[in-house]
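Both complexes shown next keep chain A, but they swap its partner, so chain B is in the first and chain C is in the second.
== the complex of A and B ==
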């Protein structure tokens, strides 16, 4: 068994390394950090990986080496009956086992220090003066995002997408209003559970512009799989532009088609759940749609935000995301295109 | 003469004794007799067979999930069905396969290893099995009527609360827990009392086989851990059925309270599953290394330490809930401590194989497989104990990989080894070793192909419990590998079942001690007689079966016309008094039916608690109705 078991081990190990190699540069990856928090964690991961991987191989070699022990086949009589193991061998084995145990203790101590040290280092990565605070509320099955400022008129509410300026620590205040969810964008940081009746905070920072994907990491019911959030890290200038636009109410529709679309929206049940600032629609149960057209995805990023996907979503939300809480509203086929055009115009 | 023990003392009236024993311990006939059985081999075997069927059920559920995840945006299962299946898979494997299987093996083996005739409370033992069966039937009744639980096997409120999972699904789950708690507590009581008070003379505490030690520790853990899950499931059930506010945040309850109480049970539960498996490993290693396990005191002490530490690290399941740093550091350290005690045991087994003359039976193959898989699972366990790493990989496929490595590697591989090792004892025939090797390699390769890639999926950001994923995240190739592996595991399982059926029919006849192993169960015939031993074998060393035949000692003088056993002292196993065990009885079955009516009914209407209690009272009156032995009739 020894050689092929050893070969199997090597193949596994090689496969692991190869796969790790090609899993870099992913938008939802633990080992492709873009911020100091995830960077520290990834560093800790590789430290654990190499140290524990080496120990694993040593233990395997020790175990497989036992197969080289001589014996007289199946009928080998018990050693207790034939010859007792010599005192010397006993003592040597005892020394080896004791040594291995002491080594285990020392290594674990090192790992604890490394782990607690990293944790402490991460907790210091924050902006002492405060800075940008974003409230993330987990709701079955989407994310409500609120930018908090001391001046409430400068707050912004959006959904399923967070924009942050590159290179600045940003505080996430995690909340939930129904069941437990978990906020997790692996390229930036580990998880924070969003628990009803509690607030969990997390500091994140992106050092590289890009779009990073995250999704709910605590099972939250039927559509747990489709509760996706994007973090868009932009240069401070671009972020400023985005934020200023978010502060504005929705622009009034400029052409007859989108005007028709707005009427369709206002005359249907859409308004009971969705808000479009600057219009009469002020529902609070669903995502704010004031700047819907600028967002990347639909239905908590279940599908990309394209006119086709939007039409499918409005016509039959249950086929895009079965079990979700959006009502199916009968929209005349002639009204559908104006409605789509109107929503997509809300940049 | 029907002599079955391999050596018997030279006593007069031997034939008479044996035919008396045959008569005294005979099982009843027909359905009534079947329902009244209280001997440990029969009950143990029922646990093993039922739990194995549950393993197959859980395995089929796993295959369904793997098919669903084999390609992005798959519609093989809808989200509702997927959620029911993954919850039922976890629940089945934890509550209806792993724990009961370990209990069944223990009920079968412990009295034999301790050199006695039955467990301490045979009727309670039967009752425990019927309660377990009640839990199995209740959950699977739910599965086949669309009322399978769908909130994950740890049922976090508020998702499991009355607002978010209305209907009866969660209630079925929570009440199934109550059934299995009952059963586990019954078994734990049996095992503890049997081990502490019914060991054969000479089996002092420091001569107990390591497997028996592991069960003693596991049973104490059951007794301390199960009340916590009783509390957790009662919080949930009463919040749901009688509108209490324990863990329901919208009514001022605290959802984290539930998590703490659940994991105070849930983490020890894992050790409750794998500590007996470590006992299997010790037994297989000593029998096949042809040498007593190295470092007996170190092994025993680290198992005991395992049992204690297991209760001090539940919070590592909750690192993401937001804990103060001092708490995080404490639970990181306590979680890593388990690696020391587990490491000591691994080192001792390797040392035993080093200093021994290992003989590569299929059982030993499974031990080597266990070492490889379990050590790797231990390494990822150390990673999960680190708060920063855990925050990244918690609730991802990395964790799924980790706990399948420790539970399949740590418990199922030793269990299969144990099947190959003890099958001849249980049936009288050896399993095919050749098919056994194939079985091992197919399972080993299938297992690693299924679960190793999941580490990478976790690092690539795939959360657990998602019913599908879009193509752009790039999880499809690795998922397909895992699906392929899952089907290879299924082939391995089928090979095992085929081996069981073929060997039962036409395997080589085993004899009493085919492996020339060291512990007392091998002194009994294969399969053992209902009374296990004609004369209880005395343990004069830690490896009593390796004592030359002419030097072995026996207990004589126990009465054979009633089910008499010897009660011995706790530390030194010196004979203390003779004790008569009750015989067959239908009352445990009736009591279990009565309690089940109360449990099942109360899910639908709380008043069933009352009617169930009254029925249970009636059943217990019948159970405890004094039955005088014939010779005392006049004095009563």
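== the complex of A and C ==
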């Protein structure tokens, strides 16, 4: 085998392995399903992949095969004008073309049936009893999450993070407040566009505890790329604990530093946009901060929720997320640490 | 003939470039950019004493910027200005679409009104919201009266008018 054939083989093998490695990455991956919905979608994906891959291979082999046919020389190939194809060749060509056309149509029908079947399978997930309904509203550029119950006093509003119990179907009601967004957590389900003045519904279920990353999948402006949502799937017990905590208003600050932080929050522009239940802050323009300290990220999960990142975010929001709608306010340097401590204490 | 064609094309290009000004935006405003509030404007030229020394005219740094006017429009409802002034027509508070202003209609006057508040209900916002946002509000309020170039004035808000609260009630089976 010549050296270039060996090199070509090596490159092909490396590319194949890289593809496989890419497909098994578990962060925000369609082919790493953790629920019945994404499982069906992943099944369809692999069916398409193997079937169409096989067809691609066959077509390539056929093309290569034609190259290997021996050249019969100029003498045996008359010019087009005088060329008469023999009856036998003509019949054979007709058979091959007809066969290939029928095969193509049949394969397309198989793909349609598989695709429609998957769609139908996905729509079968419905809540049985005591269902969980979560409203997800896309807003430039964050997510408002509202747990809806028949008793409105048991509803919970949070942001950028959905907690769900494993093994239970959850209804997501998708809305948008300004422009079109799209809710997409690939490990759980396909995309659902969130359209102003419409409600789009989808059902998700996670069968494995974990944190699944999702992202806005419809271009919605400057910070579309930093509109990230986490779905935290927990055991039912842990979910219950989390939900009961969310129902509580924010605990009043206990030590002088966090008390000072609360004062700073209340005396600044923060209160016009943010709500902290249990205090006077009742703004509705920005995310609810009642249990901010328990969240994973800041600024729709653009950066992890650490005191340092929070300080940077408050002091200069346009640096962390240029173009976002949070006001750049002047906080005294001596007030910054109490403010950070207060917000992080809102567990 | 050809040269006239070329020069008119050149003028058109210049006009196009001039139009770009409306999109100029300061993406990282400083929270303490201008420390002028408190004496940005004089409501009257009357003053005691000798000859009047000319006052420096305070101009709105965000004048004529489409971005800042639309930001002002967003803030107008975020900070609940429309709670009293409605969409400029007034209600609890005086109308903003008008020719007569109680405290002056120049940018600096409106800035002062927002910063210091006024008797009978207008709150003071000066130590609450950053100054660049006050100037954005001034730019928007001025645009209500046609005091901004039409090239910069939004014909409609950036956002689509929806009311999710109504929507929720209308379409939800669970909530009443």
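Here is the rule we use: the second predicted complex is superposed on the first by the 309 of 347 C-alpha atoms of A that agree within 3 Å, B and C clash if a C-alpha of one lies under 4 Å from a C-alpha of the other, contacts with A are read in each partner's own complex, and residues count from 1 in each chain.
Operating definition for what follows: a residue touches a chain if its C-beta (ideal position, glycine included) is under 8 Å from a C-beta of that chain, and two chains touch if they have at least 3 such contacts.
No experiment lies behind these values; they were computed from the predicted model shown.
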| task | Identify the partner contact of A:272: answer first if only chain B is touched, second if only chain C is, both if each is, neither if none is. | result | second
| Is A:30 in contact with chain B, with chain C, with both, or with neither (first, second, both, neither)? | first
| request: Classify the contacts of A:196 with the two partner chains as first (chain B alone), second (chain C alone), both, or neither. | output: both
| message | Tell me the contact category for A:89 with respect to chain B and chain C: first, second, both or neither. | response | first
| field | Residues of chain A touched, compared between chain B and chain C (which is higher) | value | B
| request: Name the contact category of A:224: first (chain B only), second (chain C only), both, or neither. | output: first
| message | In the overlaid three-chain picture, which partner chain does A:50 touch, first (chain B) or second (chain C), both, or neither? | response | neither
| field | Where chain A meets both chain C and chain B, residue numbers | value | 140, 178-179, 196-197, 322-323
| query | Which of the residues in chain A come into contact with chain B in the complex? | reply | 1, 5, 8-9, 12, 15-16, 19-20, 23, 26-31, 38, 40-41, 44-45, 48-49, 52-53, 55-56, 59-60, 62-67, 69-74, 76-81, 85, 89-90, 93-94, 96-97, 100-101, 104-105, 108, 111-112, 114-116, 118-120, 122-123, 140, 178-180, 182, 184, 186, 189-193, 195-198, 200-201, 213-225, 322-323
| field | Contacting residues of chain A [partner chain C, same complex] | value | 133, 135, 137, 140, 148-150, 152, 173, 175-179, 196-197, 199, 268-269, 272-273, 285, 316, 318-319, 322-323, 325, 327-330
| request: Spell out the part of chain C that touches chain A in their complex, as residue ranges. | output: 27-32, 74, 78-80, 128-130, 132-133, 158-160, 162, 164, 167-168, 171-172, 174-175
| chain B residues within the chain A interface of the complex | 78-80, 83, 151-152, 156, 158-159, 163-164, 249-250, 254-256, 290-292, 294-295, 298, 320-322, 325, 328-329, 332-333, 336-337, 339-340, 343-344, 346-348, 350-351, 353-361, 365, 368, 371-372, 375-376, 379, 382-383, 385-396, 445, 448, 452-453, 455-456, 458-461, 463-469, 473-474, 478, 516, 518, 541, 543, 546, 548
